[in-house]
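Two complexes come next, and they have one chain in common, chain A, joined by chain B in the first and chain C in the second.
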Partner chain A sequence: MASTDKPASPPKPEAPLPASKCPFNYSVVDVTLRVLLFAATVTSVVVMVSSKQTEVVPLPTMPTVRLPLPAKFSHSPALIYFVAALSVTGLYSIITTLASISVALTPAYSKSFLLVFAFLDVVFVGIVASATGAAGGVAYIGLKGNNHVGWNKICNAYDKFCRHVGSSVAVSLFAAILLVLLSMMSTFTLYKKIRD
Partner chain B sequence: MDGVGSNVKVVESSRRVTHCDLILRILGLILTLVAAIVTGVDKETKTISVSITKTLPTLHVPVTAKWHYMSAFVYFLISNAVASLYAAASLVASMAVRTSKEKAAMALVILDMTIMGLLFSSNGAAIAVGVLGQYGNSHARWNKVCELFGGFCHEMTAAIILSLVGSLVFFWLVALAILNLHKKSG
Partner chain C sequence: MASTDKPASPPKPEAPLPASKCPFNYSVVDVTLRVLLFAATVTSVVVMVSSKQTEVVPLPTMPTVRLPLPAKFSHSPALIYFVAALSVTGLYSIITTLASISVALTPAYSKSFLLVFAFLDVVFVGIVASATGAAGGVAYIGLKGNNHVGWNKICNAYDKFCRHVGSSVAVSLFAAILLVLLSMMSTFTLYKKIRD
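Then we have the complex of A and B:
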């Protein structure tokens, strides 16, 4: 009797489906945000690395002599930190996209994965926010200069360099906002698990 | 009986987390407030001698370093002040409302995270400009200024370190809350 009952039970797993549909939607949004994060970090790094510009400017020691001098991101420690931090974030976004897809396909591991995601997302919020702050602070001095300490602006000479740095910082700001959204979502998923 | 025991355990662990939470919030409040105050009162005046031509006598010009001369330090001070105000408000809120209620805890986690991002970005900006002041940048011809304003730079460094520890405190707040949510969900 029990064995004949079993074929009748398959409709049963259909009942929890509406409940499990919700986490699936969450994971779709999660994967989308992570792919967007990857695109944003890669764009930001590429734009920053390709910002090299050589211009004919007067020499620092002899203002009468004009020589072609390059401007590139590796001249400033803040911009080097920016490129390193965003490259690491890009790598992290690839790994977590794959992990997020695999969790969506096999929900068995989802609990420990969720905790790790929530932690690492918060760590990367800190990393990307500090990198954006550092690059933005230096780029602002490059744009406006500072007459109190005698730092001249360089953006009038190196226009392409400055445009690249500015857009790169803007894209990384977008990446930081994406990461905040992602970590809010990871926390919210944990929260939903309590309510269910 | 068993159910009662586990219930007591859950209440105890959440109370311990709340104590830890309160201590961390007070720490964050103190650290960011002190960082903001140290930045705000940091001021140094030095006299430099300028000789324009050999015939004219050398001029002694007083020059001052203040936080609001550098936009990154303005951002640093404001975000530290905002963070300490938020820490005070959240301290009051978490004492008034029991944070064991998940909804309030969720709202606090999200706000904590935002403030943490703000603190980290302002620390990044202040450190980047501080490094420029310390070492200068020969490519952009930005000379170092910390040789002249040694005291100003030391106080700024202290404020940055305090604020860095403060932002790590906010990170631990978020991490603890996430761990707490994880424990409750299991």
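Then we have the complex of A and C:
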């Protein structure tokens, strides 16, 4: 007779199911993208820092004299800014990955965190994009030179250096796109929460 | 003693007031910032395009020969990208200003428009920031040169050109900050709509 008592029990609340499913999906994708962002920024910084190359080239001031001269990222303020910006973004990606995991475990604060993520991600889109632009602009002069003002290309002599700089800029462009996606995702999740 | 009775009266429903006030304020600030963005991008493009300067300088390839040589933005791919990116952003600011005004008049679609604005603003943050970085990086070489690779500074000869480029980059930095604020505002208004 105890089994007949079961239908009298209150119906299961089915509404929270999709709502609780949504933040989980968001969190998984968010954490994945942030881990990817960390990997991209670390790769970019490591490739840029390890770009040093020494070659026997004519002195810029005296073209008749040939000496072993190094090319490294710290010779250009744009590339120094690039390394600094990508390093800070790497640190930011670690912090936000941990924050995103903690939000996944305690969804009560998820709306506030989504707002903070959307705000900060936009700022870092600006930082990473400007660093990519600055390094890309200088790298392009190194690759092609500029005849109008007499800036010689250096990539014919420093091939490894230029490969490293180019790869690093490409990876940082990927990092900027990841940040745009992360920011869009935070905003879209906020939007979905209104409609739910 | 009558003052002690006051707490017994029912509290005024103050909640709806900010809710109805919020979209109006958002629209006014949004339209203002977008008009400012338009002004900033147009200023930046006009100042950059009008930077042409012709001076009698030594030829880069033959330093003993002095000829009247022009310096203009179209000599540098980074500055061409800068003008293209800022022009597109100016067009974008016109379209979104009109869209923002139409949303203010018909608030029914405001949530969807906020989402679209937040998405597109982030993309344009990336575009304007990368253009600012590229132009800034090249302008810095023009200002200071780079002794390590023998790139001479040109701002001692082309003072007006460099002033124009520097001012243009500064105004585009302002435009990038405006876009960050616009994106944050769209996101924050979405967030507020959840809480209301």
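Just so we're on the same page, the second predicted complex is superposed on the first by the 180 of 196 C-alpha atoms of A that agree within 3 Å, B and C clash if a C-alpha of one lies under 4 Å from a C-alpha of the other, contacts with A are read in each partner's own complex, and residues count from 1 in each chain.
By definition in this document, contacts are C-beta pairs under 8 Å (C-beta built on N, C-alpha and C of every residue); 3 or more make two chains touch, one makes a residue touch a chain.
The shown structure was predicted, so the numbers you read here are calculated from the model rather than taken from an experiment.
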Contacts of A:A170 with chain B and chain C, given as first, second, both or neither: neither
Partner chain in contact with A:K111 - chain B first, chain C second, else both or neither: both
Touched partner set for A:N146, first chain B, second chain C, both or neither: both
First, second, both or neither for A:I101, with chain B first and chain C second: neither
Touched partner set for A:G133, first chain B, second chain C, both or neither: both
First (chain B), second (chain C), both or neither touched by A:V88: neither
On chain A, positions contacted by chain B and by chain C: 60, 69, 71, 75-78, 111, 114-115, 118-119, 122-123, 125-127, 129-138, 140-142, 144, 146, 148-152, 154, 176, 180, 183-184, 187-188, 190-191, 193-194
Interfacial residue positions of chain B with respect to chain A in the complex: 65, 69-72, 75, 102, 105-106, 109-110, 113-114, 116-118, 120-129, 131-133, 135, 137-143, 145, 167, 171, 174-175, 177-179, 181-182, 184-186
Contacting residues of chain A [partner chain B, same complex]: 60, 69, 71, 75-78, 81, 111, 114-115, 118-119, 122-123, 125-127, 129-138, 140-142, 144, 146, 148-152, 154, 176, 180, 183-184, 187-188, 190-191, 193-195
Sites on chain C touched by chain A in the complex: 60-61, 69, 71, 75-78, 111, 114-115, 118-119, 121-123, 125-127, 129-138, 140-142, 144, 146-152, 154, 176, 180, 183-184, 186-188, 190-191, 193-195
